[in-house]
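One structure is given below, represented as structure tokens, and several questions about it will come after.
Letters A, B, C, D and E mark the chains as written, and numbering starts fresh at 1 in each.
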Amino acid sequence: MLICKVLKPLVSTNRIPDFEHKHLQIVLDGSSKKVAVDAVGCVPGDWVICVGSSAAREAAGSKSYPSDLTIVGIIDYWDPQTGSSQSTITSSSKATNLGDK
Amino acid sequence: MLICKVLKPLVSTNRIPDFEHKHLQIVLDGSSKKVAVDAVGCVPGDWVICVGSSAAREAAGSKSYPSDLTIVGIIDYWDPQTGSSQSTITSSSKATNLGDK
Amino acid sequence: MLICKVLKPLVSTNRIPDFEHKHLQIVLDGSSKKVAVDAVGCVPGDWVICVGSSAAREAAGSKSYPSDLTIVGIIDYWDPQTGSSQSTITSSSKATNLGDK
Amino acid sequence: MLICKVLKPLVSTNRIPDFEHKHLQIVLDGSSKKVAVDAVGCVPGDWVICVGSSAAREAAGSKSYPSDLTIVGIIDYWDPQTGSSQSTITSSSKATNLGDK
Amino acid sequence: MLICKVLKPLVSTNRIPDFEHKHLQIVLDGSSKKVAVDAVGCVPGDWVICVGSSAAREAAGSKSYPSDLTIVGIIDYWDPQTGSSQSTITSSSKATNLGDK
């Protein structure tokens, strides 16, 4: 999976019906911009985990959903300078997202 | 998904029957040219969303369609200089495409 | 799909039985050489459309064929200098391939 | 498959339910950081084999698991300087992992 | 498919059971090292064809085998300097592999 930063929503009115009304986000993968389907409800500034390949379809909700990049998780803490995450947060509670917003 | 610019149609008379008569477009992904199946009806100059991987097949119409890159949406507004989209357009109406043509 | 130039056939006598006797071609994708299964009958010098991902299997003839890159069409005309195709040829007739040979 | 070095666990509290409670590891693939699902129980410093594409789903436990990168094995010995593995260890016994930790 | 050179076997004692006892080889794809499942029985020095994507699973023996890169054929002759294969060998006989060993 890729570690990406959410930039902003993407508006595409004229799209195939299979895309339904799911939100699309422009994400930054290193220095390249990509479009990902948002399956978790993230906001610009969040650091997220994006899954690609055929797994992106199931992650977006169904095997027939036409996504090749889906946001599947928000990283609790990510330091883009050191590229390291904070691993002291317990993962058993639905913690508030502490990401760089 | 990739953000690409549509350059022009591609003509390939001698192709496998499974490709049927769907339109192929040459798209620009960054600086590299690729071929995508057009599932939305775009024109040269449009900025579009292209889906790859196995999702490109369903997006092109059926699970057995042999595409690995399908144009699934036209971006309402894309500024290639800043690489940002205009997000003030309501997505509930079938708006006219305002893309860079 | 990728736009590649056919270089020459590749001979691999010791290969898995699933590969059957289909022709393999060495193709040039930009500056890197790859091997593609020929599903259209092309010759060295042809500019072709190559499909990858899981679509390469169906394109090669069956869902269980182990290809990840299959030549699915010959481009009618391709100018490698300008990187543009000639789009004035009607696609309704089985035209003679005019590619750079 | 890729040869990666395990850096540290990644915490993502807000993630899709399909991800369950499997451990995610940040791995280094060359100079780029990626996230992989841990199917073998590795620790930071291990050199591991990561499988991508659709095979990452089955490798993570089930065909519907939404992974595109799964750690499937720990390399017995890997020298990052020479990029070579030690091949004198018998593979029939469940040997202690000798990796760079 | 990729044209790779076989470097040496890779030993990974602690691996997922689905990997069974198939041989893993470190292969060189250009300048990057990857791990491939050996489905043909090659030796270090062989120039081989490696298939990726979902086709790597079937090529490794079954649809559920978790490979994303499988060696599917040994190239009869490959000159790494000119990057060309010798195409005068008949492919109807099980010829001795003439590769660079």
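FYI, a residue touches a chain if its C-beta (ideal position, glycine included) is under 8 Å from a C-beta of that chain, and two chains touch if they have at least 3 such contacts.
Not measured: the values here are computed from a predicted model.
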Set of chains adjacent to chain C and to chain E: none
Partner chains that chain A and chain D have in common: none
Rotation, 0 to 180 degrees and nearest 5, that superposes chain B on copy chain E via CA atoms: 145
Equivalent interface positions on chain A and chain B, same or different at half: different
Length of the line joining the C-alpha centres of chain B and chain C, rounded to whole Å: 22
Distance from the mean Cα position of chain C to that of chain A, given in whole angstrom: 35
Junction residues of chain E, two or more chains touched: 52-54, 56
Cyclic chain order when read starting with chain D and heading to chain E: D, E, C, B, A
For the chain A and chain D complex, residues of the former touching the latter: 1-3, 30, 39-40, 49, 51-56, 58-59, 63, 70, 72-77, 83-87, 89, 91, 93-95, 97
Residues of chain D defined as touching chain A within the complex: 7-16, 18-19, 21, 24, 26, 32-36, 52-54, 56-57, 64-69
